[in-house]
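Paired with chain B in one complex and with chain C in the other, chain A is shared by the two complexes that follow.
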Partner chain A sequence: MAEQGGPAAQSKAVDESKVSAAELKKRAKADKQARRAAQKEQEGGPAEVAPATNGAHQEHLAQAQGVQQDQKGKVAHAKGLQQPKPSKQGGQEAKQDRGGPSQAQNIPLRSRAAPTAPSKELPKKDNTVVELLSHLYPIQRRPNLAGVSKDVHPAVLALGLQISTYEICGSSARCVAMLLAFKEAIQAYTTPRDTSLPRHLVSHHLSPQIDHLRSCRPLAESMGNAIRWLKKLIVELDPDKLEHEAKDFICEEIDRFVHERITVTDQAIAASARNQIRTGSVVLTYAKSAIVEKTVLQAHEQGTRFRVIVVDSRPLFEGKRLATSLMRAGLEVQYVPFSGLAHVVKDATLVLLGAHSMLSNGRLQSRVGTASIALQAHKADVPVIVCCESVKFSGKVALDSIVLNEIAPPEELLLSAVPEKPHTYPVGAATTAAVGKSAATGKDAPEDDEPAKLKTLHDWNSAANLRLLNPMYDITPAEYIRMVICEYGSVPPSSVPVVHRLANEGM
Partner chain B sequence: MPSSVIGQTPSLTTFLKSLRQNDIENSIELFISLLKRRQIKNSRPCAIATTHLLLRVVAEPKRKWDAQKLIARVRHVGRRLIAAQPREMAVGNIVRRVLGVIREVAERDEDPLTDSEFSGSASPITGEFQRPALPTRFSEFSPLHGAAAMPHNMHSGRPGTADSTSMDFGSAPQRPALLSTNASYAGQGPPGTSLFSILQHPQGRSPMATPPPGTQSPVTGPSPSRKGTGGEIPEKLDIKAEVIDGIKELQDELDVVDNQIAESALDHIHSNEIILTHTSSQTVQKFLLTAARKRKFTLFHAEAYPNNHEATHATILNGAQGEDDSNERWKPLTSLGITVILIPDTAVFALMSRINKVILAPHAVLANGSLLAAAGASTIALAAKTHHVPVVVLSGVYKLSPVYPFDTDELIEYGDPSKVVPFEEAEFTDKVDIVNPLYDWVDCDLVDLYITNLGGQAPSYLYRIVADHYRVEDIDLNAKQEAMAKKG
Partner chain C sequence: MPHATHPPSPGLQALILCGPGLSLNTFTSTPSTLPKCLLPVANRPMLWYPLDWCHRMGIYDITLITPADAAPPLEAALRSHPVLTSLSGPRPEVLAPKGLEMTSGTAELLRLGEVQRAIKGDFVVLSCDFVSEIDGSRVMQQWMSLNPALAAASFSRRKGGLAVYYPTHGREGISSKKDETDFVATVPFSRPNVMPPTGSLRQGVEEVVMVMPTDTLNDTLDENKQALPIRQTLLAKHGNVKIRTKHRDAHVYFLPLWVKDFAARNEKFDSISEDVLGWWAKAGWQQGLAEKLGLDEVLAGKRSTDDEAANGGSVDEHEEVDATALSSTRSAPAPGRQPPQAFATRVGNSTVPPPRPKLAVPPLLAYMQPASPTQPLIRRIDTAPQLASLSLHIARLPPSDTSPLAHEHKIHPSATIGQQTRISQEDCLIAENVTIGTRCNIKESVVGANCEIGSNVRLTKCVLMDGVVVGDGVQMVGCIVGKRARVEGSSAVGVKAGEAEVDGAAMKGKGKAKQKASAQSGGEDDDKTKLTECEIAPFFVVEAGTEAKGETMKAFDPEGEVGGDEDEDVDVGDEDNEE
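Moving on, here comes the complex of A and B:
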């Protein structure tokens, strides 16, 4: 049965595993720990933390620093379904280097444990899936570096982490960051002897990078367009070019792409959009769009007197960052939670929205909640203007927000455990106070006055039929959008497929 | 203040406890400060507290009331309560209901038929005032009081109108024939009236004409004298006792309103429906629980951040745990096998294409069918309208206010901005204007159905329910009150 890997850690695992967990689960934990120990030896890793309390079922959106290696092992095993076989083989190979009798013992255990452990996990995973959107599961997030293919360049690894934790958020930002990381990866590339760069680079070097990024978070439309452009560029290279020349050429072209299609375009769009802001305007915007921010700041620098209403939403609170930056620039900002939308939209004279992508049927895909903003503005006869670079224009079509979307991990909806009720009256306080207390703090109120422990949202997994749904995007119908401003000019939403053909397919 | 209040958060329960000990003026002051400090919030606790308070006001010991004085007293107290928190419309609604009760009792007393034996069949007969003799449900004390005997009384009453043997209780049913002559804005006359009957009464008064003020009908002529002989004192005690009865019926109505609304749950929720709701309303939860016992459906629950999300989470996970205003405990919906999906408020439009029904609970319902609901409801209702999804609003009649929303902005109450951004972020809260409205006004054409404790109604019918429950002269409590006896 269980052998090495720390009997202490193992007994802990035994203590913590549920009563109903069979020996198979123990074995799965055992070989996880064995693998972890091997990885530690391999990487000379630092800290060692006790195994996590729960089973490996929940995907924790931990920060990079906070992630410990034991969780790596657990998450890696949890992602056993998603992981391609090679990574497991890679793990095995690595372990074989350590060698020893433990290897022989582990392999048969692992193969026995592997098919059954996932099946134990599957029912749990199904509990979190909202059937309506089952085509969007499993959720792609990779907050740590467990089980990553060895072909992935470190710059891309770092980028993946940043994207996964929303440090880099927003489709333009992600696109630029991705291209810059690819530049480094391409410079680090060497063509093997018997093939040429145009043929080999894309399929054998670039593809693992792209797959890794995709596993960290689904690719944005702008990223997709950029990748298509890049692949086309590489494939059409002259095979007789020297390798270093070809690589330099590719990097220059990437720089040019970023400059032309994002940097300069942003300036052009901002210059065009800021003319829409006049003295006395009240500009309403939602979440944080880089291009709307640029527009507003430029208009302010021009000297126009106007004020801005920023609508914000849970769980990302991007609008707060926008409001902070506008406030620091000296603008008059009003900050409203999403529930206050109906109240403030009457005061607005202009709505400026950013986009994740513009679809070919004229619809706007943007941060979830944008559709409601556009709807309320439309009802209040406030013009809605979308600022969108052509690199985000897409050939896809969608009729509703279910078709194309991205589901974020439900754990992001959990509120951090902040004690909110300042008054804690000692004697038999009213139930509302107790509910508030227990809703705020997590498990540390076992001696409540209430006979039964009240659950908080952190216990959502224990309620059998409860799901948490955290969509990231929604689709705004074209009739709510007055105008789309891109580098080709100001066009109505119906012209999106034309611009897309011009800009993204004609190259 | 009695010492029992110290050490507990002031709330509805503490207020109700203190009502027993305090004298009336202190209780009123306590309630006013609870309202001002928003320690009593939401329609139902305010309605319950107002009812109990007015009960005490009316039941003031050693105080003899006649109708006029009682009305003036209640109006005075009502004005103060409403001024304390004008946006808690439930307070005003209850005050007006109590005034309506008092007026009805008074009208019945002026009527010789004060006997309770006849309160059943004689209920429509309330004197020569403006109360329309409607064949529909008609309130004596409570709106549920039926008026079944009306039509056939009319017919039998026709020839006997001139009969002045009004002492005879047997001829009591004849009275409505004359009384219905008063015009009322509710419109229709008794069904027994026809042009032919006009020709039968050549006395010069058409059944439809309003009697000129000052005249005393032959029927009611004798009554003042009878009142006089009856003596003042028993009548005043009657008024007090009957008004107290009426207020108690009001309290009972408030207790059972959720159950009555939930009775129609099975009519409206069917299998495999996907329902959207919003905030932690107990009415909606009970409605859905009743349906969940027999039907399987899916519920999307929007969490109403930042004002109600904790309560919503608690309701979804724990059900009710016996809180302030009710001592009920009920299980959460998930324990009955219903899939509940918690979504942030922003996802409402995204999912609306799959939703079959939206169920909302209002804070207050206004006379034209529009409503005030928790912030976010306007967005939900608009999205539902766009996708042609029916919007159902569950509301007890106590939330129905006779006020017409001339300015919808002034009805919105603002909440604590620190719920949006905590005050610790000094730079932000200093320079940025943070707005946190608590309510949204939803227009009447966005609502498809109101389910009240009286059943389902279209928004266009609510004005009739308003007419049934409130008196015209009570709508503006600041108006000078005319003499009651001559009201017409």
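Moving on, here comes the complex of A and C:
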């Protein structure tokens, strides 16, 4: 364990270069001591928790961990997350460089935007972070415009706000909106002297915009693909091209990209997928996907008579919007909360799902809860079909929802912005069962400071053994997916890497 | 106050309307020397507040619109006033359009050629008397995030607007029942997708469906036998209309570019708040109104004035793909299909006119600030009591407070304060170069720059603007003293006793002015000047020994606009002008 102090301290030094060296040393020492102490406790504590805690045992007592782990499991389970099994943990760890417990917190796993916050919060006991997923927490979702770089274009600024308030939500919507905002930003760009547009635009003008969007919400896979394409396009421009010509060219190309990769693609996918819906079908779908909506509407316009079941979940209630628009179009819609899933899945003849991203091992990353839908459908022998544009295909591989995910602010799970009066609502009664349960255990804990005062879920921050977790996505195993419909045709999930190579890497 | 970092430019420009200030006429009777926007509020020119507010939002493209005769003092102040010059960023532009009179309506102003040319993108309209503790970027954030998705594009014609309304009640010390109010009817805007983070203004954002000033409301009520007629269509479209009568328009409007054309097209519009917003709000639900107002063409990008061809750029909004429709938190609008025929088949189709495509009027949103004493302050200062209460409120703010309005020094280091003088630090503001004599007692007061206060003076809840001279032994409670006015105390008793009577007559208003000439009673206190709740005009001299309550002391206009002037009063006025 002793040799790990070195790398940990170093990675810290990178993170917090502003802190003086002496202070750094001191902190590293304290860290090390804490780790040692934890290690000692660990050995005495229950052995079977140890492999799963992964990074949690730095400053927490082993007993406390047991409780946390238990409750984390409950929360995760209730949300349809895969239970983090110790055996899987190993596999996932293998992907990162094996760093031991401390590294899991210090190394930003998924993006540059994710890094320092957890490590900064290390010294004090942080109640707001679920340790297992601590690498996913953003630094801070920007609640206001303060601190935004000056170079951010107004259109991007506005888009960032809309993305972070979920006014624009969904992988393709965000991608399209981003590209259109970039068009504005590029038109506002002027090349400084002594440099050329292909060399300067990306690094100095576009990257602050991208960083801003990333700080508002982690970028979607489709956005990443589009940005990669755009960067390549700009870098390969002829430097001798006149500036306005170059800008117009880029904007035209962006339009073409949106048209080809999203608009027309959506139509193609909908045209293909609607044939899966036959007269008398019962289509089950979850949350809201633009392609699924389009598919269903087109099938309806064709005159096919069928029924749609929309399953929905908190906190975004996207299914409501889908149900509304389908209802307006005159379809027969059944709207079911997530808890009623097992009941309705029996009736379904087809499950249509949208995607956040298709991963290279054929797994589907989509709104949290999708995995449960697919599992239930698989059990009931209902075919699960994913509609996904190739721009959302990814070269990444994930086995579980832990490595790649997005953690939204836990406050979004609360039902109202202002805490209700404590006596009217005892322990956050109306939230998910698991959370309520753990809140109850939190109340029973004798070491609680004010046992007399009833706490609501709004006080989750101060409850010592309660965490709220609000993940955005989960991973659906490939074996539950019958078919992926993309613009290259209907392919099995195993063909995702091929399509990805064709579509996104050859660009 | 220096700003730590410049916020990013939101791509907006600001128009600050520097109007005449009719209700503050004690202090603003001569706009060519002291326009309303330069009146000090807590030792800063009123204009500083909207300017600073804009700067904090990152808006540096600011145009001050003012009538021509107020332009020279305004420009001079922008160049030389220490508070205004300390603002960072480029100096705002002063625009004095030719046709602009003191009496012009705000919408009329928007129609003027110079103003039309000055507006190049989305804009914020502010009034110079706007004071806000709310960070402007938080309001702007709501405007930005609630616009339709693709409206991020700068020339989009689907953007909506955002106005701000503040409650006139529920705030001790500042709220007064006499405050002007507006009539606002709102419907809830679509619920936020998730709980907005604490501190977000999202909860207060609603969609306006009707708005008018209370005066207009009263007129309508009088015409209709004390009933307010409301169209059925409003209730048919919105089931949950909330009507507020105790809120007031803060006169801060975030407006998209097309509003400029909207105002230009409708010659009848007089004010922005009542007409432009009022009709816009109604057009959202009243059938056929949008077409009548020419909104359809405005929104389609047809310009009524063709001189702007270069200004707006090419208006090509061929949005073949709509991010809003793709978004998973929006539902598609109802398809524009023909509704199923309601008539029996024998009626035939000919009777049904083909439905016109419905015009989607962008929403007019409003941030309705909840009434609560803990809310940050938003106010307009257009009466003297408001000016006083707001100045005193700002004086109460502790220095280096989180509030952007707080002063760095409660008592400026350059002020000289005599011995045994007591100034209550927590609720007073003393500006630069103030001289205060001995044994004074100053509570809850604002003393402007270069004031001279004698000895034994008692000031309570007073606002002294710049350069006021207060003589020895004066007692003032709740007074507002204009620039360079003089309140004489016992040291000035050398003047003839008879003049005091003249002075007393000079005070106008219905209040009872009690005169105590030194000859009348021989007590010790009798030559003391005691003023309670008085307004004293700039350059006015209050004679020693005056005792008054609730008076407005101002020099008379030489034209004698105010009826019932006595000859000697005019003399006094002339005398004062010579001061």
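Going forward, the second predicted complex is superposed on the first by the 341 of 507 C-alpha atoms of A that agree within 3 Å, B and C clash if a C-alpha of one lies under 4 Å from a C-alpha of the other, contacts with A are read in each partner's own complex, and residues count from 1 in each chain.
Here is the rule we use: a residue touches a chain if its C-beta (ideal position, glycine included) is under 8 Å from a C-beta of that chain, and two chains touch if they have at least 3 such contacts.
Note that the coordinates shown come from a computational prediction; the quantities given were computed from them, not determined experimentally.
When the two structures are aligned on the shared chain, A:T324 is found in touch with chain B and with chain C. Contacts of A:E184 after superposition: chain C is touched, whereas chain B is not reached. Judged by the touch definition given at the top, the superposed model places A:G170 against chain C, while chain B stays out of reach. In the superposition on chain A, A:P315 makes contact with both chain B and chain C. Touch criterion met: A:L457 reaches chain B, while chain C stays clear of it. In the superposition on chain A, A:S372 makes contact with chain B only, not with chain C. When the shared chain is aligned, chain B comes close enough to touch A:V333, but chain C does not.
Comparing the two interfaces of chain A, the one with chain B and the one with chain C have residues 315, 320, 324, 367, 415 in common. Of all the residues in chain C, the ones that touch chain A in their complex are 5-12, 57-58, 135, 137-138, 140-141, 144-147, 149-154, 192-200, 202-203, 320-321, 323-335.
Chain A contributes residues 141, 143-159, 161-162, 164-170, 172-174, 176-177, 180-181, 184, 258-259, 262-263, 287-290, 293, 297, 315-318, 320-322, 324-325, 328-329, 354, 367, 408-409, 411-412, 414-417 to its touches with chain C in the complex. On the side of chain B, the complex with chain A involves touching residues 7-9, 11, 13, 300, 304-307, 309-311, 313-314, 316-318, 321-324, 332-335, 337-351, 353-354, 374-376, 378-379, 382-383, 386, 412, 420-421, 427-428, 431-437, 440-441. Within the complex, the chain A residues that touch chain B are 130, 132, 313-315, 320, 323-324, 327, 332-344, 367-369, 371-372, 375-376, 379, 400-402, 405, 413, 415, 420, 423, 425-433, 435-436, 439-440, 450, 452, 454-457, 459-460, 463-471, 473-475.
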